[in-house]
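Below you will find the structure I want to go over with you.
Chain nomenclature is as follows: A, B, C and D, assigned in order of appearance, with residue numbering initiated at 1 for each chain independently.
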Amino acid sequence: MNIFKIPVLTNSKIAENTFLMKCHSPELAADMKPGQFCNIKVSESDYPLLRRPFSICDAEGNNIYFMFDVHGEGTRLLSRKKQGDLIDLIAPLGNGFGIDDDYDTAVLIAGGIGAAPFPYLTRILKGSKKIVTYIGGRSSELVLKYGLENFSTATDDGSEGFQGNVVQLFESKFEMLKSSDIKVFACGPNPMLRAVKNFCSERGINCEVSVECAMACGFGICQGCPIEKSEVDGSYLLVCKDGPVFNINDIVI
Amino acid sequence: MSTDLSIEIGSLKLKNPVMLASGTVGYGNEISTFMDLSRIGAIVTKSVSLKPRKGNPPQRIVETPSGMLNAIGLANVGVEEFVKSKIPFLEKVHSTVICNIAASSVEEYVECARILDYEEVIKGFEINVSCPNVKEGGLIFGNDINAVGRITEKVRAVTDKPVIIKLSPNTSNISEFAKTAKEGGADAVSAINTLVGTSFDIYTRKPKIKNVTGGLSGPAIKPVALAKVLEISRCVDIPIIGIGGIMNWKDAVEFMICGAMAVQLGTVNFINPTAAIEIIEGINNYCKEMSVSSVKEIVASYHIQ
Amino acid sequence: MSTDLSIEIGSLKLKNPVMLASGTVGYGNEISTFMDLSRIGAIVTKSVSLKPRKGNPPQRIVETPSGMLNAIGLANVGVEEFVKSKIPFLEKVHSTVICNIAASSVEEYVECARILDYEEVIKGFEINVSCPNVKEGGLIFGNDINAVGRITEKVRAVTDKPVIIKLSPNTSNISEFAKTAKEGGADAVSAINTLVGTSFDIYTRKPKIKNVTGGLSGPAIKPVALAKVLEISRCVDIPIIGIGGIMNWKDAVEFMICGAMAVQLGTVNFINPTAAIEIIEGINNYCKEMSVSSVKEIVASYHIQ
Amino acid sequence: MNIFKIPVLTNSKIAENTFLMKCHSPELAADMKPGQFCNIKVSESDYPLLRRPFSICDAEGNNIYFMFDVHGEGTRLLSRKKQGDLIDLIAPLGNGFGIDDDYDTAVLIAGGIGAAPFPYLTRILKGSKKIVTYIGGRSSELVLKYGLENFSTATDDGSEGFQGNVVQLFESKFEMLKSSDIKVFACGPNPMLRAVKNFCSERGINCEVSVECAMACGFGICQGCPIEKSEVDGSYLLVCKDGPVFNINDIVI
């Protein structure tokens, strides 16, 4: 964990509201694990005040990638970054996905910009595990396929693939997967994660989710990012330090 | 390089006037990966209470224009566990450690101070009478001048270590509180804690912070904090520790000019965890540029005609 | 387009809840070149005092993070000249005019209200008990609950027009002041006026504002203002006019959700002199989106569990 | 006076710390007078909060020019504006120079970025009046000659022209000018304007100065920009409305 200033190589629009930013950092490309994140200072001034957390989307050679949706002021500023601009970030943060357990097939479930951490996860798992990916979005233009493999898609409006949400798609395909040999990795909005959790915990499926929440520091000093533990013991977990990836059995979403 | 950056707060000697504010660096653990804590004037621990506190449920923080609201709810492990698990780390920090105490009764403050007084690594106490996010205590104490007087006197009675009273800005006469703290035997006052604020989601019509209100910190509050420090400086002869929205060395110097003997960095640690070092260097350079040999010369050096 | 944007404050009916705040649009003259003032809910005049006031010497303003400090010092032509030279323009404005009165004694408030009560174009009074920049009066009244009670009662006695008391945020218990205003016969309260703040030049060590302290306004204070409005809303049954850092329609709606029957725009007029029109339109669209037929339905519609 | 959104055509560095920005606005190019100013919103967000005032530097055809020093956050942001960016400004503001009185020779005295309003004044006076210009700067690189004619220069460090300040230069050349036939126009830091005022008022020289001060609105609604009148009558003048150009006899600097 350190502060880095790394140059932007490219920053391009890859979907209606989504950018892919490639930055040069041999050190972070080597050090970061899928599911970890960076806390990025989006401007040179003191405004906006807080850093913005983004998952590492991919790492290849000396470069790392971020995939982000333009949401408010911070991501708007980030979308303006150009080749050569320096990005000030704190990284690596968080725990990352647990990838080495005993399973044959990794099932990746992505809702909207929840796809962001999966290209890197795909790259790392490729070769050692079979990968099945389900990608959901509100409509065809919002389905983010960048860097993903062996995927099926779901859209709320039926404009592409399965009509419905991505968890329903996963459920509809579930019989084709052997539940004992799979591990589910999910990232997306909380209602989606809740549905994944319900489905998987009922069936005892090994499942990790990457959680988002408001953060100030991103490295454990502000206590701003608590998440309720499943086991009630008078304390919270911190999303930034104990997460952002949690086993669904450990937390209440 | 010959500037003397050391300052004194009562019997407490600090190598420089830059401290890390309570609740914004935990117990120094994580931030020590970014900087050498032995270079910092002092580190103030997250508020400790007698019993452990789970803190408030999420959402606890939200960004506002040039500021943030927090309602952490004084989440902490309680004094017993603090002594067991945090003190050992603090002993290795090689920085001056001030322990911040929060409580919901006078007795609880006294009890905490009594227990912690035995810990050698703790060089002083900062008494948080002003946390706006804890319902039963906090705000009420912070705005009740008699309570502040009683707390100061009772804590003073159980420890010989420096006692600093951290004042609430949510009052119209902060200098009266500072005077009361002084009369109660406090060695210094810290000003300010956060301002009470809120923020709502216009679609759900719910508060963005579960606790409804939170404490406003960051650059947005700097002008208010400076005015409070100046008011105390003009009215009461007691060392002041200036806090509120400091982002860089210029802000720190501004507080010192307005009367602060030392400063504390809060929110900035979240954004720039090496800020303290940069600010110490900046103050040092400023002193050289202004040809002052001791940083104390800039304290309360305001020119008001 | 069928949303009813009209609201009432006592006997005062406004076509929509967006007002222009005192001291931030003069008497409407200059800003009328940017927008049709007849579309605005109401315009509140710059504070008028019995005698003319030259105001504070420069520098009167300074920018701060997401805010600004001002110490205009209630510069105004005095009530006599106001009647002679400003009323004729206000008569042509075709907007609802509220006259803001500032004074340094209870008698002065009463005298101003008595004189201005004759002016038909003035549809109500806003009593500024809270200007932080005038030494002899302002702050003292704003933080003296008995004074606020007396001023309200005495002004109430000399006019049948709506009386609005503009409250100071520089206090820990604003709802007590609102309660006092209500008991004194006020039709509404405005919250908030500016927060006391300061800013110093670190090289000259002089205050950037000649008056030393000024009033902090703008987005920086929005969370504080919202918390004050919410506090009054939860404690006192009186119409509230929300003020503080409103930059756009979302901010205005947030104030209304927190309990404001109407809002006032201050600092934003300096930056975007057509803000009021955009905010009225934004509120209208929001009402449609939320399927409410009257804007009053969103007032104090907060969900707090 | 209105709000305009006008496109940037060019924005280039013309001196160590100085930019010249050219914008397209037939309306403002036609309407604005030398000495008037615009109040510019330097960012798209609410930060920095206030607009920043800048004199019109020149107007030519359908275009207007601004010349500005990078001073703080606001001017830093302005210096980043690129071709095609829209500038949001309120204009025309202020009174402008009085150019039609009875004089033969216009003496322009510019200190540092105080040169900004003079290219336009030069353009307008050219033909009808003789122009003599004195430009001062701390050192050679800070002497701004853009758009000026018939000038002499002064530098504090003597790296170019006269060694000393620009008012001393003017004073040293004064005997060559016939005091009855000149009008002085001065713009620069307050100490410089004070020196000009002292020199000119002692000699009864017709002289106008363009004054800078902190402003919030720029059009008369905030009362943030008072300036002391020479005649004491219990009120101030407003720099933004009654100025920024004042006859030296009317104000106390």
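Note that contacts are C-beta pairs under 8 Å (C-beta built on N, C-alpha and C of every residue); 3 or more make two chains touch, one makes a residue touch a chain.
Quantities reported herein were computed from a predicted structural model and do not represent experimental measurements.
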| item | value |
| --- | --- |
| Chain C and chain A - chains in contact with each | B, D |
| Most extensive contact between chains (C-beta pair count) | B-C |
| Interchain centroid distance [CA atoms averaged], chain B/chain C, Å | 34 |
| Chain C and chain D, separation of their C-alpha mean positions in angstrom | 36 |
| Rounded Å distance, chain A centre to chain D centre (Cα mean) | 53 |
| Chain centre separation (chain B, chain D; CA means) in Å | 46 |
| Contacts with two or more other chains, residues of chain D listed in rising order | 46-47 |
| In chain B, residues with contacts to at least two other chains | 65-67, 218-219 |
| Pairwise touch network: line, ring, star, complete, or other | complete |
| Partner chain B, residues of chain D touching it in the complex | 46-47 |
| Contacting residues of chain D [partner chain A, same complex] | 45, 47, 73 |
| Contact footprint of chain C on chain D as seen in their complex | 1-3, 41, 46-51, 90, 213-228, 234-236, 241 |
| Residues of chain B touching chain A in the complex | 23-26, 29-31, 33-34, 46, 52, 54-55, 57-63, 65-68, 70, 72, 75, 218-219, 247, 267, 269-274 |
| Chain C - residues contacting chain A, complex | 65-66 |
